[in-house]
Amino acid sequence: MLTITDLAVKFPSRFGDFTAIEDVDMVIKPGEIHGLVGESGAGKSTVGAAVIGLLQSPGYIAHGSLTLGDTDLRTLTPEQAHAVRGDRISMIFQDPQTSLNPLMTIEDQLIETIQAHADVSTAAARQRAVDLLEEIGIKNAAERIKAYPHQFSGGMRQRVVIALAICTDPELIIADEPTTALDVAVQSQVLKLIQRLAKDRKIAFMLITHDIGVIAQVADRVTVMRKGRVMETGETAQVLGAPRHPYTRALMDAVPPLDYRIDRFRVPQEEGADFERSLGQKAEDWLLAGVQGAPTGLTLQNLYVRFAGPRTSLFRKPEPYVALNDVSLTVRPGSIMGLVGESGSGKSTLAKAITGLVKPSDGTMILGDEVLPGGKARDRHHPSRQLVQMVFQDPYSSLNSRHRIGAVLEEPLWFYGFVKDADQRKELAASMLALVGMQPDAIDKYPHQFSGGQRQRIAVARALLARPRFLICDEPTSALDVSIQAEILNLLKDLQAKFGLTILFISHNLTVVRQMADDTAVLRNGKIEEIGKTEDVYERPQAAYTKSLLALTPVMQRASFAVAAHD
Amino acid sequence: MTQRNLRQAALLGGVLSLCAIGASAETLRWASTTDPQTMDPHAVNSAPVLSFLNNIYEGLVRRGQDMSIEPSLATSWEPLEGENGWRFNLREGVTFQDGAAFTAEDVMFSYQRASDEAADVRSWFAPVSEVRVVDDFTIDFVTTAPNPLFPDSIANFMILDKDWAESNDAALPARDAENFATMNVNGTGPFTVASRDPGVRTTLVPNDNWWDEVQHNVTETVFTPIGNSATGLAALLSGEIDFIQPIPLQDVEQVEGREGFKVLEGEETRVIMFGFGHEHDTLLYSSDVTDANPFTDPRVRLAAAHAIDIASIDRVLFRGKIEPASQLVPAGISGFSEANQDRPAFNQERARELLAEAGYPDGFSFGLKCTNDRYINDEALCRAAASMFAAVGLNAELSTGPVRDYWPQLREDDFDMYLLGWSPGTFDMEHPIRFLMHSQDDEKKLGSWNFGNYSNARVDELLPQIQQEINPAARQAMIDEVVAITQEEVAYIPLYTQPLIWAAKDNINLTQRADNFFMLRWVTVN
Amino acid sequence: MIAFIKRYEGLWLFVHSPAAIVAAIVATLIILGAVFAPWLALVNPYDLASFSLFDGLLPPVWEEGANPRYLLGTDDQGRDMISSILYGARLSLVIGLSALTIAAVLGVGLGLAAGYYGGRFDAIVMRIADVQLALPAILTALLIDGIARGILPAAVQQDLRVAVLTLAIALSLWVNFARTARASTFVQMNKEYVQAAIMMGQRPSRIMFVHILPNILGPLLVIMTVDLASAILLEATLSFLGIGLPADSPSLGTLIRIGMQFLLSGEWWILWIPTLLLVALVVSINILGDFLRDVFNPRLR
Amino acid sequence: MVYFILKRLVQSVFVMLAVAFLAFSLFRFVGDPITQMTGVETSVADQERLRDELGLNDPFILQFGRFTGDMLQGDFGFSYRTRQPVAEMIADRIPATLELGIVALLISLFVGIPAGVYTALRPRGIATQTILMTTLVGVSIPTFVIGIMLIFIFGVQLGWLPTFGRGGTVQIGGWESSLFTVEGWRALLLPAITLGVYQLTLTMRLVRAEMMEVMRTDYIRFAMARGVPMQKLHYKHALANTMVPVITIIGLQFGGVIAFSIVTESVFQWPGMGLLFLESIRFVDIPVMGVYLVVIAFFFVLVNLIVDLLYVAIDPRLRVRDVQ
């Protein structure tokens, strides 16, 4: 049993010690899955690292106690602590792609770990490893154990990671975002495995995640953290069903539901919202002045995109890799089309084809009533370059970090020749910042001075300053915390309504698409599995794939918890 | 008698080497800066090759320790009667290292080989019109004109065995591809090559059948070229080599200060001088005088000579080891003009006066060309000289470069003033007069290294007379006249005789000959 | 607060790194000495009339037989050592910096373009880079030197020594820049801000130089310092091999080459004073390079 | 994988051709061989005749064609200076240079890698700072000064090691090796250290940087979390993963090592290709210079092909196909 009492971890910095976590108390019993949930900066990973004794240098435990069973983890020498690692406490990392040594076979890694903690022969260790892999759901384990990590798929790799974590029969496993990098189907399998291990082997799990849906699905107890402190802790049903702390409540409000659509998210407080919204009027007027005629739609007909595959022979042409396979869809003018799919389904390729970054090998793209040339055939001065704009996934890389916000925002203004006068450009850019909910004085700052949500607002402002008629949002919120996601989604909804934009909204997250899209298309392996009104697709899915996706998406059904809590 | 002596010497040598603890006492390990590029005595006319091969091959005549000519494969020689040329009486009983007997046929063959177009040394035989074998041990060299110095000029003409060369496809010197004689030797000399790894090491062992009395006690010598002078010195001081030629001047003190080492200092016959572009109408490298060549005025040339502080050059650059020169050969060389031994004094005042007289009171700038890898301290010398010239208003634009680029530049007349070192190949004053003082004459191959084309009708007139005069006094008088004229006109500024600095372990006795040749036959290891 | 730290992070690290401070001071002093050599030096080593062989081989003042006029003594030409090393450092730095500039412009330009356009252009640039790599620095320099000797008229060769040497060193350094710039550009090409610029239809030159270049400057700056050090050393090595600068316009390398002759002869100062200065300069630059590397790669701290 | 290797082969051929072209251009531009081949007293007319005979007056293209044609047939021509076949001259010198280069490389690896690991694992230790500083000073001193200093300290003052040459060598099937005698090793030590100092520093710093990078990766942290013994963690897991960039750089640098041996060989009178090359420069022995360039390029290309194969050996991702 793990007991954490009054734990504080500090990181010395040049401005004194930075307190990463403080006043953290937690008890995890054998066989219990204890969820640790919070947004970025909450300090949840620091708790896990402190327990296993792998705090990033120069962090240190300032005070508090950590005991595992009868062992006081804080009094161990480094050697003893290392012996405890693996033997009694183990860990699962977020990304199975990077947490296995690529140069060693699975077998070597397993045997090495087993032998590090138990005095067994190599043959015995191998047998144990094979049994374990079978148990964990890897078929034909005796043979596949000889493989290298890269020969396994993501889900299988995460199973191997789990096998490595449990091969020494630890009492406690710290699972740091174990499913975040996985697609929903695999995520669901891994979560089930964790549940089974907790139950069968009585392993205690500390499940660190930002995804309340995951918590809702598997955790017995949950601790909510924010800015290094525990907000609330208790039975999962109780915390999620009847949150006591306002923060928990706000967090719950920001989670988009899968089963119904809400108009606006309730947002606790907006970052930097304490200024005159009227400053944005100028930008709003300018945008509206540029919007002439009806909204612009987009039609794709039988679109194919093929990439050259890896060349393996001098004499054979490489097999092409088909990224988009006969995709046809229509985005109605003034509507939002949601595009859902797992990683590798071709979502981003579709966005790139529309924006001209990728050349379709076949098919037609029609914007409004004009055919869009594909790839390099599209002239640098083609009108679509202005009419179609994009909001990218990663707000950290979508803004040039060496340019001031002013330069980023004014670029479309002079580039498209909208505003010739430099002062006016600056004024308009500042006003646009206000319109997207930012302080206009941000214009003189650099991107790194802003948080992810703020940057995404700036990215939206940049897109709007091109006076677009068609906006592509490629996973615009997947890098953001859930409360920030809510704000950005609200913003996009507002802008779409105000300026009659047509939006193609791309996401892997079914709940988000449900909230945003009028129509929804489901993409898989470059093919459209299903397309229709959002409501139809979610309520009455036709394709088996859509059905399984919907079934596997972890959701937090608040109502059911509420009921449970009352029981 | 000779035979018996030889046998005794060989026997004695054998006994000695048995008595010595290990053979190492008589193994001589020595180093020099460059490797002889070939073992073929007719293929390359360069000092490292000729010096090295003189230990293996022999000529009709050879030079003694004092550079004098003495009999070698010829026991005697006399002028031909009734025609120009010389008769050589050859030594009998001499064998090549492979055992073949030496006869006049071999001399004839070697002459043909060395005067062939493929041979680099053919210019030695320019005066020869015909060679006649009189009998097995008599041979005549007929020359186009009287040539009293001919025997002196062929001291480096080495004799090959005809049969050996022909049967090994080496009848002609290798020029653009190697042949047998590039790597293999068969001479009559005191040593023969035991093994050779070009550029790395060459091992010589004594020729047991050598005809002459053995003076050395060396049983084996290992030669290594060491290009970097600091490394060479380190090798000597660490005891890995016994002898090195040359060592840098500035290290003399260091070697002398160490127990067990000695430095051999001598004067080479090479005189270092500055030459002028006499026939140029204008200066090539001047930034101020572009319409005239001040160096055509002897007063300007004399001013330049007066600007040189030879004493400081000696003290600082050469550590007091040079002999200032007054003419183009050093004292002691035959033909040296005793009557003209003074060189212009270091006198900046006088130099400025002369420049003012010549119409350049403020001086002028010009280009000075120098080598940086040819002579001892050549680059430093030129920098110092440029600084001295500058002090009197002669602003030299110094340009230095490796010798590989140097001769072409001089041939193309691309200089205002240049540095030159000249070693009289025949050890006679006639040699520099022929090459450096006579007007350029391509047809007669005269003045071929007179790059500035200094020209004086009287000098041109005197040269053939000097070449043909048999009477030493009359000849010397004519040479004195030439020297006086060229000094008067400052045809060149002779600076000094280049020093020869060798270093060896104390237990090595050797002879330092003025031509910088290292002759193994005079080496004894104690 | 965080913004403040980030903005002045380099400065903060600098203040807390004694090695970097010492290195910066040493490098600055040497550079200042080099820049102001004409005003600081007792004699001008290029002006042959300003010194005399008569004063040759004087030792530094603390040794016997010194002339107090020459604090660090004189060389075998009678040149004041202080003046020589000031001018020598000046020339070494001029050559190093010019070579670096040429290499950086060429390398970064080609690397950026190769990374941006990819495909065949990239392949061609990288093959050229391979050929360049197959001819290591010394050989490139020898080759350029040889070609220059061959094709330039002898009259201008002397004047162009510095240019030829600079070009030779530059050519041996550009690949480093090209490879780094290319690799960094590849990384940036996947960044969304670049894709945004491409989508807008901006000119490739603007995307490369206005958008990408500022983002890849960090690693390039590190290479610059390291390569400046190599350039100065390479110049010295070429001088040692006899294809550097002539002795009458000495760089540090040439001074060392000249000094090598006096290694054993007792006039130690002629070798060791320029060597010490060279080592001090190169070490300082290298330490600053290390420091910059740390600044730009916070994970290594 | 086969394709990968084949592609590199094609690229290598291109590099070799380009270098051959450069080498040949050099023939045209460096100095005048005739003045070197002939003595001081050879007349201008004789020189012209020789120039004609050697084909030096032919057009550029004709000469290049002859050059590459001959090379492909294994005929590398004759040295202008020694009249020996160039192929033979270079071949005689290759063992010396290769042994020097390889031993220098081995020294740099056997010292550089452990030093790199040590300094990466204890980034703040006094020893680390000392090592980093010493090596930094080491690479800031010109190689030739280091070489001469070593000679004077260990050769002249202490008298421990020879000052020049290769010492005892043994002929093994035409390969003259100094690796089989004590004398040979004694002679090899100083030049190899001189040549290896720069590589050593480079290797150490590279290993250090890569190691610090790798130590932060998830798989190392995961291995830590599983309690994999530290020794194994550092060497089997971490070090192995630094090897790909390390051998890449070493491969790229090996050509540089061979070329930099010019300086070392000249200081130590080491009878390798570099020394031959320097002599050739001095005598404008163009055939030797050109072939030297081609040989250096060949070694570079060869080493990088070996590096490519090593990638395959080290990294299973290049070796084992996906079996999903």
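Which chain is which? They are A, B, C and D, in the order written, and residues in each are numbered from 1.
As a convention for this text, a residue touches a chain if its C-beta (ideal position, glycine included) is under 8 Å from a C-beta of that chain, and two chains touch if they have at least 3 such contacts.
What you see is a predicted model; the values in this text were computed from it and never measured.
Contact tally for A-D versus B-D: the pair with more C-beta pairs in contact is B-D. Computed centre separation for the pair subunit A/subunit B is 87 angstrom, with centres defined by C-alpha atoms. A straight line joining the Cα centres of subunit A and subunit D is 49 Å long. Chain geometry summary: the mean Cα position of subunit B and that of subunit D are 40 Å apart. Centre-to-centre spacing of subunit C and subunit D amounts to 23 Å, using the average Cα coordinate of each chain.
Of all residues in subunit C, those touching 2 or more other chains are 149, 260, 263-264, listed in ascending order.
Listed for subunit A are no residues, as none touches two or more other chains. Within subunit B, residues 230, 373, 402, 405 each touch two or more of the remaining chains. Per the contact rule defined earlier, chains pair up in contact as A-C, A-D, B-C, B-D, C-D. Subunit D contributes residues 11, 14-15, 18-19, 22, 25-26, 28-31, 132-133, 136-137, 139-145, 148, 152, 209, 212-213, 216, 252, 255-256, 258-260, 262-263, 266, 278, 281, 293, 296-297, 300-301 to its touches with subunit C in the complex. If you check the complex, the residues on subunit D that touch subunit B are 31-32, 35-46, 49-50, 53-54, 78, 80-85, 89, 92-93, 148, 151-152, 155-156, 159, 162-166, 266-269, 271, 275-276, 278-279, 282-284. Interface of subunit B with subunit C (complex): residues 229-230, 233, 248, 250-251, 253-254, 284-285, 309, 312-313, 315-317, 372-373, 379-380, 383-384, 386-391, 395-402, 405, 409, 412, 414. Within the complex, the subunit A residues that touch subunit D are 52, 54, 82-87, 89-91, 93-95, 98-105, 109, 112-113, 116-117, 147-148, 150-153, 161, 164-165, 168, 174, 311-314. By the touch criterion stated above, subunit C contacts subunit A in their complex at residues 1, 3, 5-6, 12, 16, 191-193, 195-196, 198-203, 211, 214-215, 217.
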